[in-house]
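In the two complexes that follow, subunit A is the common piece, with subunit B as its partner first and subunit C second.
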Partner chain A sequence: MLWADKYRPKELSSLSYHKQQALDLRNLTKDGDFPHLLVYGPLGAGKKTRIMCLLRELYGPGVDRLKVETMNFTTPSNKKLEISTVGSNYHIEVNPSDVGINDRVVIMDVIKNVAQSQQLNANTQREFKVILLTDVDNLTKDAQHALRRTMEKYIANCRIILCTTSISRVIPAIRSRCLCIRVPAPSIDDITSILTNVAAKESVSLPPELAKRIAEKSDRNLRRALLMCEACKVQKQGLVASQSVSEPDWQIFIRNIASKIVKEQSIATLAKIRENLYELIIFGIPSEIIFNTLLEEMLKNCDLELGRQIVEQAALYEHRMAQGNKEIFHLEAFVAKCMCLYQNMMQELMACEF
Partner chain B sequence: MKKTGNKWLGLSLDLENGAQNGHPPKPAIPSKNGTSDLSPVPKKRSFNFHQRLAPKTVPDLAVHSKKIAEVEHWLQNNVCDNKNNSPNAKFLLISGPPGSGKSITIQVLCKKLSIDITEWVNPLDQDFEVCRGANQVTRFVEFLTESKWNSLFSTGNKKVILVEEFPNTFLRNCDEFGPVLEECYYKGNYPVIFVCTDTFDNKINLSEKLFSEDVRVKYKIATISFNGCAPTLMKSALKRAQNLVQGNPDLFKIPSQSTVTAIISTAMGDLKCALNQYYFAALLGTSDLPTIQTQKSGTKRKRDSSTSIQIMSRDENLGLFHALGRVLNPKLGENGRLACDFDRLVNEFTTQPGLFTGFLFENYLKYFGDLVDASQASENLSLGQTFLEKLVDRHDILDYAIWVSVLGLMVHNGHKVSRWNQIKGPTKVQKVVPNREVPVTDLYYYNVINNKTNSGFVLS
Partner chain C sequence: MDEFPNSDDEFELMYGDDLEVLHEQGDVQRTPRKSRRSLEFTQTPVSHNDNSFSDAFTPLEAPVPELNTNKRSIEELFGDIDDILYENRANAKRYKGDNADELALIEHIVELRKLNRERDAPEIFRKAHVQSIDRAKDNLSYTVPSYPFVGVTRVDGRRLYIRCHSEQYELEERQKIVQEINLACTLGPNDGLWAEAQDLILKQATAPDLEQCYQPGDKELWVDLYKPRKYFELLSDESTNRIMLRWLKLWDKAVFKRRPKIKPIKPAEKNKKMFKAPDLCTDLDEHGRPLHKIALLCGPPGLGKTTLAHMVARHAGYNVVEVNASDDRSCEAFKTALENATQMRSVVDQERRPNCLVFDEIDGAPPSSIDYLVKFVQGGPSGRKKQKERNVLKRPIICICNDVYVPALRPLRQIAFVVNFPPTSNTRLAERLMEIAKWQKVKTDMGAMLALAEKSQNDIRACLSVLHFFKSQDKAVTLSDVHKTSVGQKDIQKGIFSVWRDIFLIDKANGDSLKARMSGVLNVVNAFGDYEKIAQGVFENYPNLKFKNTSMVETCLALDWFGFSDIVNKSIYSTQNYNLGSYLPFACVVWHFAFGSRSWQKLQYPSAGYEARTKQNRQKAIVNELMRGMQPAIRSHVQPNSLILDILPLLTTIITPAFRQISLHLYTEEEKKSLDNVVRIMVDYNLSYVQERTADGGYDYKLDPNIDELVSFGPKKSLSYSNKQLIAKEIETAKMRRFEPVQPERSAAPMPNHLQTLKAKSVCGVEMPVSGQFFSSSMC
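Entry: the complex of A and B
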């Protein structure tokens, strides 16, 4: 079992950071009821952990008995869909964007199914079930509108918890129907102390310098920090203060793309980069992360003026990308623009020299 | 008004026996093309070419075998085994360009599966409507929901309702169609097949207007869309016609091979049109017909140079690849402006803007010779894409998407590369379904911990 799962807090009271928020969540469920929730925050900040703690607070230890189920759906055009769900007797967790553009069918069917079955004994249990939808920002607009309608219709029998990294792609109509809860990323000190605690529980000695370095490298992503730490342990059979922390492979891949942009500005490179971007997308790296990493890597190669221009362009294309789901169009436009800007700068430099 | 079984063929006096008495000949061509007036032909005997030629069995159909299988599958699931399912009526929508064999496919398949067809035909007695009050729509609903018109000759209890003509009122206000479908959906006993002919004019495109996306989803309407008849299939269909012609040398002569190829290329996937032309070309001449024929085939050979004086061929419509070529390889006119009929080009593809821009995006890079041009073009494509993503069903906005992409590509292509390039279809991005435990971004560490070297992501 991974450390990240093994030492995941199970109670709201045992959470190790954002203690005030934990208290608020506890107060929220005191009456045994809560509104629809929209939990958002960066990767590895502990959104899921908090949601599960909340459910446990509400339903007791029964929510830990998870079962994985595969649900089947048929689209109106007779296409068969399959999606795997995780759930207990009290809740069900679905990631509707697994089925791509057919997510609307999944949302409508899942909610209807859950809402139609009443709890047997409403006195000992709650009278509603909880549907947990993850990666809501990847839902199509169509699905979000469907969600909006069903949310209102079935509020008597179910509560919906939405989990997302950014609410900018969630339509306002949904935002206004939910209580939005932001889970900020833990600070580097938080991560360091958690790493030290976990290492102590695993009875592995973790040098403080290494803990600090991992925390800094992890992008304030707690899960990644824990995984990094465990990976370091596996690589060296123990933890040494001087050991290097490796970066994920896709990050290196994106760095290569950035260096290709700088090295040669031509149509052929652009075509090659398109292939690379497709690879990344197919592998499943979220497009925002591709974009951000690419921008960071580009800026490392630029002086201040060029950097300003590139950031300006990045803002434009990132905004466009957030509106739709054909990321590749905007990514490629950004890459092409970067190439042009870089080429311009080089030409100006040449002109100055002569 | 309502009829059962196969479609009646006008006033079809198949006088093969009585023809020897020197009956005045009946032009057996449907007068659709307005051509039957042109042939005051003294014929020896009448001969129902089209009826004799109509396919009777599945192998004779000039339709792609997968499409046939699709329709057959639906019929079998929804008509033959009707036990296991919901009480609601089943709908199937078949759409496709004219002359692609939609109706005949259904007829042949139903015959094969011994399913009775009951077809709706628009009532002609308008007076009745005015006097008695029951309007077309009510009668249409009645027809769909009740089942009192059983054929006297019916063989079993399997039956489908076929709607090829829609009451005219739906053309004017398509909102009225929704309630009709709803009533039929809950009350109807028999599966209903709608047959819609695609047109390139959005105003009368029934399959889009009456069966919008919402409607299809709501009433679970299965959709099968036919494509135009492929040249090879058309060739085999004409071969069958040729056999028929050969069997009747007293009536027909065999048209030359060049005429046949000309017919195939002019018909543009419209089998009905091709057969009509073939029939004319094959008729043993009177004074009138051969002149039409020569003129026709003459213009057809020159089809590429001029399309103006074709008598019997269809309007040319722009194929997808043709249009892509025009956009990717822009031609400049004399005054330095782009020589292209944008309006028409864009209008052709307003129904599927996503597909068209997808094609453009996939292929444009190969036609650009300069990075700055390409960057501006990609900027325009990206802008066009934002139009498509908005949740709107207003057509204008979707049009803008095409306009922006098309013009962006054409205007900015200042240093175009003119060489042959293979056109690629849009890349389908099939995301790998992620591991539940670990998100993809952290998968690398997960693999390190579990000593898995193969991460599924290749570093190239």
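Entry: the complex of A and C
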């Protein structure tokens, strides 16, 4: 098993950071009931871990006996679709955005059916089930609107937990129906201590400098940090402080793009960069992340004034990308704009010197 | 000759190399018909001169009162005629205002006149010329006149002096005309007068030609009325005509049992002629048929494809059987038509010509019919040897279509002899139109006809329809009429490539001003309509092209417009608000200004976007596959996003530790542990190694699902073959081990109860009375 899976805490009490929050969650479930929840936070912060811990607190270890099921449904246009769900006897987990724009049907059919059916034996267990919806920020507006009534109507039978990276794309109507819980990314110190703990349990000696470096490189993403650490261990038997930490390929790839922009500003470069961007899109890297990473890498090469301009443009182009369909147009436009700004700055510098 | 019962004399004459000569003869024969045109021609241009205008028509109108039984004064008639030609006069006035315009017009006239003179017989020209000079003698002079003048040099170098009137004089003239018009209008309904006057003028102008006129019934379309009656009357491109005829003659051996007289084209001649049509293969197969059994004529509408097919087939001695879109073209109907036409011979026709099948408008036929045709041509639909002899195609088939790239035509395209139909030559069409106009007594001139031909993109049918229309209006057709009317304007839809080319090309012919360029691009883009495709094509082509303005600022601006068009497109599709579509063409203008260049450049079909999309879908499928097989405990914590971003890139490193290539039992404890770990991770994440055959014949283990494809942006280090084999085996056993603990559970489940019910003893006990009942019931 991967370390990230192996040492995932199963109890709220065994969580190793944001302990106050863990305590609050525990108090929340003390009397055996809780409102709808909207859990949000960056990737690898431990949202899902917390949710599972919470369910375990509520229903006991039965929650861990998971099974995968496939549900079939038909869209109004008679298209047959299936969606796979993970669930235990007490909860069901669905990612409606798996079916793209048909997610409204999932919400309407699948979720509603689950929500409508009452628990048979309410005395021995809780009188409600939990429906866990993930990737809520990718839900279409239609689906979100379909969800809001369901949430209120079937409150007696079910609780809905929504899990998302950002609530900015969740409509306010849903936000107001939920208790919003933010799970912030762990701090670097948290990650370092977790890494050291895990290494100790695996009886691997992890130099503290390396742990720190991994934590910094991981972007405060705990899952990535653990994976990086394990990758380091696989690459070299005895871990040393000066060891190189392998990063995900796509990050290196985007870094190369940023350096290409700085190196030469021409249409030929633009054409090459377009190929790279296409490659990134093909590999399924979400375009927002391409934008973010590219911006971060660009900022490393810029002074304050240029940086300000580039951030401004990035915001503009990303906004446009969200409005449009074809990411490549907007990504390339942003790259060209960066080139343009960079060129201007260089020319100004030249003019100052002479 | 004697083997060929139905030969046309004409055909024998023209077939062979003396065709050219004959063609020239044809031309000569036709020339006298044109002669009268010169008269009309010279009249019209002169009419722009105010004074000569009324003068010019006086001799024509003078005899009218005597001829006419109705009592009518000359003034009345004058008024009428002025009315008719008022437009011309107004034009003329406009020209007066601007000296440069006037000069240009005169030059144009002179040029046309010279053209005319070259074409026509000299004495006729002289006569006409003298006449026109007579009429215009007040205003035109070869010597320096006494009145104020403007000097003009004719194309042949001769000086010409044209009178300039004072403005005062012009004003008077104009008022005079206005009065005349008012007078005419007050005289009450003058439609009849107008028409009669027109008739009289025409009668005079075309009187000598009357015997050559076709006597048309009103019901017939002009297209049919003036269909070419002879081979050399065909207007279509000569090389196309000949290549079709050559192909048809190749059938002679199969159809007429006669050796075709094919003269091989000399190589020098071939080069000289630059045939657009593909070289015709003149080889015959074992049945004496040409290699291509079907000719596929393709080209835009109205160029005379159908006419050519009919003409050529008749010429080569066939009876034409046509199947077109108006007929039933289901597979069954197609079959009967094919069999009837190719295996039977018409009895009713006295000449007993063999059939030649013409499938018109085949691009609209159902694909199944076309498949049947292809099968039929390739040796019988049954395909059995016995029947093959009977089903051999022995008659030529000509197919006609507009768009050769219709998907249904693909099989046909591969076996057919494809002849692309080039556009008819402009002047040839205009000449023919002039002839027809003369026969139909429509007053017109060569310039107008050329303009008409150009406007309709040399569509013969459209031109004739427009002429017919003007005829029914009883109006003279002038250049301005042609330009003004929307009749005959074809809604030209260019191919996608020519749209892209227009965007990338700054065409000098369209004018250099930004305004002209903008309207040019807008026209083309609006006519095409699929803005998304245009945008994609421009987007994918521009980085590979050379354009003059390579600054990043321009490129940024253009790219912003790509973003804009994307946003508008999305909002159109998501809200069905098609009004927004009207903003899209302007993006193309910006791209034209940013990326346009003067040189012609090679464009490519945009495939990158589509390829990226298909690849993306494949990656998504891989991720889904991975997710589906994952262990539930793992799966509940993994999202596709985090899988792609975090887990997979590092997972590939984690599952490829440095194993030694030795057998399993030599591994140290440490190594065994790490191997075990790798196997467990791979099982958790539904990964395994699958043996695959490589291209060079060896075997290799590949990850399945192939996540290497999903995450690696470059070559990755991979395990050795033996290690992979080892891991694959371990994964199998691990998977089996996972299922094992389940099985004892099942056997330990409350079986005894279940088994007891199936015990044979109890069943026997029940069965006895049943059998007893059975017997007793049968006994009764």
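Definition applied: the second predicted complex is superposed on the first by the 304 of 354 C-alpha atoms of A that agree within 3 Å, B and C clash if a C-alpha of one lies under 4 Å from a C-alpha of the other, contacts with A are read in each partner's own complex, and residues count from 1 in each chain.
We adopt the following convention: a residue touches a chain if its C-beta (ideal position, glycine included) is under 8 Å from a C-beta of that chain, and two chains touch if they have at least 3 such contacts.
Since we're looking at a predicted model, the values are computed, not measured.
Asker: Contact-wise, after the overlay, does A:C178 reach subunit B, subunit C, both or neither (first, second, both, neither)?
Answerer: neither
Asker: May I ask you to decide whether A:N78 touches subunit B, subunit C, both, or neither, giving the answer as first, second, both or neither?
Answerer: The first partner, subunit B, only.
Asker: If we overlay the two complexes on their shared chain A, which of subunit B and subunit C does A:S266 touch? Say first, second, both or neither.
Answerer: The answer is both, since A:S266 touches subunit B and subunit C.
Asker: Please work out whether A:D142 is in contact with subunit B alone, subunit C alone, both, or neither, and reply first, second, both or neither.
Answerer: Touch partner of A:D142: subunit B, not subunit C.
Asker: I'd like to know which partner A:I289 touches here: subunit B for first, subunit C for second, both or neither.
Answerer: A:I289: touches subunit B and subunit C.
Asker: Examine A:K67 and indicate which partner it touches, taking first as subunit B and second as subunit C; both and neither are also allowed.
Answerer: Touch status of A:K67: second partner only.
Asker: After the superposition on A, what does A:R8 contact: first (subunit B), second (subunit C), both or neither?
Answerer: The answer is second: A:R8 touches subunit C but not subunit B.
Asker: Which partner does A:T134 reach: the first (subunit B), the second (subunit C), both, or neither?
Answerer: Touch status of A:T134: second partner only.
Asker: First (subunit B), second (subunit C), both or neither: which does A:Y278 touch?
Answerer: both
Asker: Under the contact rule defined above, give the subunit A residues that sit at the interface with subunit B and also at the interface with subunit C.
Answerer: In subunit A, residues 2, 5, 43-44, 68, 84, 86, 98, 221, 223-224, 227-228, 230-231, 234-235, 246, 248-250, 252-253, 265-267, 270-271, 274, 278-279, 281-286, 289, 317, 320, 323-326, 328-330, 332-333, 336-337, 339-340, 343 are touched by subunit B and also by subunit C.
Asker: Touching subunit C in the complex: which residues of subunit A?
Answerer: My answer: residues 1-2, 4-5, 8, 43-44, 48-49, 52, 64, 66-68, 84, 86, 93, 95, 98, 134-135, 221, 223-224, 227-228, 230-231, 234-235, 246-250, 252-253, 265-268, 270-271, 274, 278-279, 281-286, 289, 317, 320-321, 323-326, 328-330, 332-333, 336-337, 339-340, 343.
Asker: Going by the contact rule set out above, which residues of subunit A touch subunit B in the complex?
Answerer: 2, 5, 43-44, 68, 76-78, 84, 86, 98, 100, 141-142, 145, 221, 223-224, 227-228, 230-231, 234-235, 246, 248-250, 252-253, 265-267, 270-271, 274, 276, 278-279, 281-286, 289, 317, 320, 323-326, 328-330, 332-333, 336-337, 339-340, 343
Asker: Residue numbers of subunit C touching subunit A in their complex, please.
Answerer: Spelled out, the residues of subunit C in touch with subunit A are 539, 542-544, 550, 552-553, 555-556, 559-560, 562-563, 566-567, 569-571, 573, 608-609, 612, 615-616, 619-620, 623-624, 627-628, 632-637, 639-642, 644-647, 649-651, 653-654, 656-657, 674, 677, 680-681, 684, 710-714.
Asker: Per the contact definition, I'd like the list of subunit B residues that touch subunit A in the complex.
Answerer: Spelled out, the residues of subunit B in touch with subunit A are 216-217, 220-223, 361, 365-366, 368-372, 374-375, 378-379, 381-383, 385-386, 388-391, 427, 429-434, 436-446, 448-449, 451, 455-460.
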